[in-house]
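To start, the structure itself, in C-alpha cells.
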Amino acid sequence: MKSQVVTFLIKCPDQKGLVAKITSFFYEKGFNILSCQQYVNSVENMYFMRIRLNAEGTAISKSALEKSFLALANPLQFTWSVHYGDKKQNVAIMVSHTSHNLYDLLERYKEGRLNCEVKMVISNHDKLRHIAEMFAVPFYHLPVSKNTKKEQEEQVKKLLEVNDIDLVVMARYMQILSSDFINHFKDKIINIHHSFLPAFQGANPYKRAYERGVKLIGATAHYATEDLDEGPIIEQDVKPVTHESTTQTLKRIGADIEKLVLARAVKCHLNHQIIVSGNRAVVFPEAGE
Amino acid sequence: MKSQVVTFLIKCPDQKGLVAKITSFFYEKGFNILSCQQYVNSVENMYFMRIRLNAEGTAISKSALEKSFLALANPLQFTWSVHYGDKKQNVAIMVSHTSHNLYDLLERYKEGRLNCEVKMVISNHDKLRHIAEMFAVPFYHLPVSKNTKKEQEEQVKKLLEVNDIDLVVMARYMQILSSDFINHFKDKIINIHHSFLPAFQGANPYKRAYERGVKLIGATAHYATEDLDEGPIIEQDVKPVTHESTTQTLKRIGADIEKLVLARAVKCHLNHQIIVSGNRAVVFPEAGE
Amino acid sequence: MKSQVVTFLIKCPDQKGLVAKITSFFYEKGFNILSCQQYVNSVENMYFMRIRLNAEGTAISKSALEKSFLALANPLQFTWSVHYGDKKQNVAIMVSHTSHNLYDLLERYKEGRLNCEVKMVISNHDKLRHIAEMFAVPFYHLPVSKNTKKEQEEQVKKLLEVNDIDLVVMARYMQILSSDFINHFKDKIINIHHSFLPAFQGANPYKRAYERGVKLIGATAHYATEDLDEGPIIEQDVKPVTHESTTQTLKRIGADIEKLVLARAVKCHLNHQIIVSGNRAVVFPEAGE
Amino acid sequence: MKSQVVTFLIKCPDQKGLVAKITSFFYEKGFNILSCQQYVNSVENMYFMRIRLNAEGTAISKSALEKSFLALANPLQFTWSVHYGDKKQNVAIMVSHTSHNLYDLLERYKEGRLNCEVKMVISNHDKLRHIAEMFAVPFYHLPVSKNTKKEQEEQVKKLLEVNDIDLVVMARYMQILSSDFINHFKDKIINIHHSFLPAFQGANPYKRAYERGVKLIGATAHYATEDLDEGPIIEQDVKPVTHESTTQTLKRIGADIEKLVLARAVKCHLNHQIIVSGNRAVVFPEAGE
C-alpha cells in the first residue's frame, strides 16, 4: 500500500483482550499505529475503537488487508469500516435562504481546510446561487412545493448518486426530508439546527428563545434521522445573551455559533472521528492530527 | 437620610422623556446618581430602569422620598420598588439531598460575599443538617409525604413568615410546591434546575442528557412559578461534555455549574438587579458595584 | 433632521447631575432617547455616556444641534463625538498571508451584516488578491522591504486619505507600522492579535503557546498604538485546547477565534459602542439594536 | 491481587508496536483493560500511555506484577509509575488569606468527591483556622518572616514527611517556596495562580488585569517549579469581564474560576491522569470514570 493514513472505525461487544488483539493485528502487518482511541460504554457493554495507521513500509494491498481483517472481525462481531487517506470524500451542500453556513464551508473548502471535494450546492431557492458561483461550485436550483415534494427529492437523490456523494451537509436547508430519503443516506446527512437541542426542536427556535427569555442560545449539528431534530448529536455550542437581545439579535449571534458548530461537525465526519451508536454519536477528539 | 445606596426598580409604558424626568427628579432631591441602567422592550413598548443613588448629602426622609416619588410615578404608570442599603434581606434555603449548592451558598454567606442574613435551612430530609450546623444556621427538618404535603407547606409558610423571609432559595429542593405557596411568594422564590432550560424540564435531566447524547450540559436559575421549570430565567451556564461522560460524570460536572449559576442568580436578586416582566427576567449587569 | 439614529459618545469628569442635564437637553430638542448607557470610573472620577437618539420628529439641523450641544459640553468639559446614521463609514482592510479574517469580514460586508463600505484591501503580498476580487473589492498590492518601509507607508497613507477611510482593519497584516502612521490614525486602526493578550505579545504566539503547554488559546482585537500589542483591548475570546494540539492545530483552532473576535470588534467600532480612555476601551453592549 | 483499579502511567521514546506490546502484556497477565489512552508527541518522538486495569480475576501480586513489568519496561526505556486503587493519597493544603479555594476543596473532600485523605491545612497566618476546624482537619499555623523563611520551610517539610504527604496543594499560599523545597517535592505541588498564564505572572494579577483593560480574566493550576508561575500547566479557565469590572469585581469573579480550576487539577492528579514531560503536562481526560 502506498504511504498514507488508514483509519479503522470499530464497534463491537466489549470483552477482554480487544485492544491487544486489534493492535497486534496491525503491528504484525507492519503498520505503525499513529493513534488508537477507545471508548467503552459499560451501560451497553459495547466497545468502540478508532485506530489510525501509517501504511508506510507495509506491502499489503487494500483488499488483502480487508480480507485478513475479516478473520479478526467476524468472530469478535465487529461492525467496522476502513477509510484510506488517498480517497477524498465527495460532499453536497443543501441550503435555502441563509448564507452564513454556506460561505463558511466554501471558504474552508477553497482554502484547503476541509479534506473533501464539494461537488455541488443544492437549493430549493435561487437566492444563494451567487455564492456557489463565487467559489466555482456547481449550483442546482431544485424548487419544491407541496405537490412536487416527492419528485424534487427524487431529483436530489439522483444528483447525489450520479455524483457519488459521500456526505450531505444541510446548511440550513429548510425542508423536511422524507424518511425514505433519510434512510437511504443513513449517517451520511449532517444537519445544523439553530438551537441547543433538545431545546427548541422544530421551527423558529430564535423566536421561541426570545419568548422564553433564555440567557444563552446555541446551535447543534447532528445526523439527520426520521425524527426531526432528534438524530445523534455531533457538536453543540452556545453563547450568552441578555434581555436586550431581540429575535434579530439572537439570529445574528446565532449565525456565528451555527457556522462554527457545523464546520467542526463536518470536519469530524470527514476525518472519520465519529461512530454512531443508537441515538448517540461517539466523537473521538483529534489525536495530534 | 443617612449615607447609603438607594436602588429604584421601575417598569412602565415607554414614552418620550422618561430618563430625563426620572434623573431630574433625583438630581433635584440632592441625590448623586451612581448608575442608571435602562432597557426598552420595543416589542411590548415597555421601559425598565434600575437607578442607584447615593443618599449622602440629602436631607429627605425615606417616607418623604417615596411620597414625592409617587407624584412622578402615578401619571407615568410606574410599577416600582425602592430598596435601601441599610436593610439586609432575610433568606431561607430549602434543600433535599444534594449538598453542593448549600455548601456554596453558606460559604459565601459566612465569608461576607452574599449581602443578606441566611435565617434558616429547611429540608424535607435530615441528611444535610450537619452542613447547616457547621455554619451555625438553624436547620428545620420538615418531612413530607403524599398525605402531609399540605400541612408541611403550611409549616414552611409559617416559618418563612415568622422570620420575615424576603427570598426563598430552592437549592435542589426536590418537592413540587403548590400554586398557592408559589403565588404567595411571587418573584421571591429562586429555583435551580439542573439543565439548560427549556431542555430537560422535569425529572432526571442528567439521565436524559446522557440518553440524548448531548455535547454540553447546563443549569438554570429561575423564579419559581406555577408551571414547573417555566418561570423567568435569571441565569444559565453550560459546560462541554463528551460521549465518555456517564450519567454520574454529568452529575458531577453539573454540580459545579449548578452552584455557580445559583449563587450568581441569588446575588443578582439580593443586589436588586432584576425586574420580572411576564415570563422574562430583565437582569441588569452590575454597574461598577 | 431626517429620520435616523444619532449617537453621541461623551467622556467627562464625573459630577452630580450629568445624566439629568444631558437627557433633558435631548428631550427638550424633541429627540426620543432610544438608549442611554453610562459608565462611571470611580478610580479616575470619569464619566462616560453613549446615547442613541431617534431624530424623527425633530426639526433641528445637524449644525444647529452640534452648536447647541457645545453650550452644554464646554462648561462640563466633555470630550465628545456625534455620529449620524445616514453616513456609512469607509473601511480599509490590511492583510498579509492568512485568509480567514479577510473572508469573514468580506462575507459580512457583502451580505449587509457590517454597516460600512469596504473601499479596499491593501496587502504587502499578492497572495490574497483572488479573495478581494471574488467580493469585487479593490485590491492594492504594496510590497514592502526594509528599505522601502517608509515609502510604502506613505503609499498606504495616501490611499487611505484619498479614499476618506474612517477605519483601518489590520486583519493579520504582519508588518509593524511606524509610530507616525499609527498616531496619524489614532483610535482608527483595529488589529487582531492571535493570542489572549497580554500573553504572547509579539511574534509566533501559537508556537509559544504550544511550548508553554497552555490549556486554552485565544485572540485579541485592540486599537493599534505605538507600543506593539499594547493598545486598548476591544474584544477577546478563547477556546480550550489539550496536550494533543500541535502548533498547526492551535493555528487552526485559533483561526476561528480570530475571525469572530475581529468581526465583533469591528462591529462595535462601526456601531459607535466604544470610547477609548487611556489604555482601556469602554465597550458598551448593544442596546436592543 | 484484590479487585481494584490499577493505573499505569508510561512515558518512553516512540517506536512501532508499543500499544500492542503493552496491552498484550496486561492481557496475558489476566487483567481487563478498562481504558487505554495514548498520546504521541511527534515533535519530540515521545510516547505516553495511561492504562487502567481491573485486577479482578488476576492472581498476580503487586510485587510480581511490577517485577514482571520491568522486563518489558527496561528495554523500551519506559519512565513509569503504577498506582493501586486500594491506597488513598495523603494531601496537605497550604493557604494564606483567601478562603474560597480552601472551602471548596474541603467541601469536596468531606462529601467524598475527592479521592484522598486531607491530612492537614498549613498556613503562614492564623486567619483561616476556623475553616479547617469546621471540617475537622488539623490546622498548622507556621508564621514566616524574612529571617525565619528557611526554618519555617523546614518545619513545613517535616510536617509533610512525617505525615507521608503525596500531594501539596497551594490554595493561594502567598509565599515563594525555595528551589530546594520545590525540587524535593517535584511534580507533587500544585499551585493555583489567579490569571490565565503566561499573562500576569507574579504579584497582583487582578490589579494588572484591570489596568490592562482585558475583556476576560482567568486562573491557572500548574505544578510548582523553581521558576515562579512557569511550571507545567494542568488546567485553565476564563470568564468574560467588562470595563465596568473594578479590581474588586475581578477578584470576586476570579475567585469562582480559581476554585473550580484548582479542584479540577487536583482531581486529575489524584486520579492519575497526568504525565509531566519537560514543561508541559499531558492531562488525559477521564475515560468513563
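Per-chain residue numbering starts at 1, and chain names A, B, C and D are given in the order in which the chains are listed.
Assume a residue touches a chain if its C-beta (ideal position, glycine included) is under 8 Å from a C-beta of that chain, and two chains touch if they have at least 3 such contacts.
Just so it is clear, the structure is predicted and the values come from calculations on it, not from any experiment.
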| item | value |
| --- | --- |
| Same or different contact residues where chain C meets its copy chain B, judged by the half mark | same |
| Most distant chain from chain C, judged by the mean position of its C-alpha atoms | D |
| A-D against B-D, pair bridged by the larger set of C-beta contacts | A-D |
| CA centroid of chain C to CA centroid of chain D, Å | 41 |
| Distance from chain D to chain B - Cα centre to Cα centre, in angstrom | 36 |
| Residues of chain D touching at least two other chains | 39, 42, 242, 244, 246, 285, 287-288 |
| Residue numbers on chain C that touch chain A, as the complex places them | 99-100, 103-104, 107, 111, 113, 134-135, 242, 244, 246, 249, 252, 256, 260, 263, 285-289 |
| Touch list for chain C against partner chain D, complex | 39, 42-43, 196-200, 211-216, 218, 232-238, 242-244, 246, 279-283, 285 |
| Complex contacts: residues of chain B adjacent to chain C | 16-20, 23-24, 26-27, 32-42, 240, 287-288 |
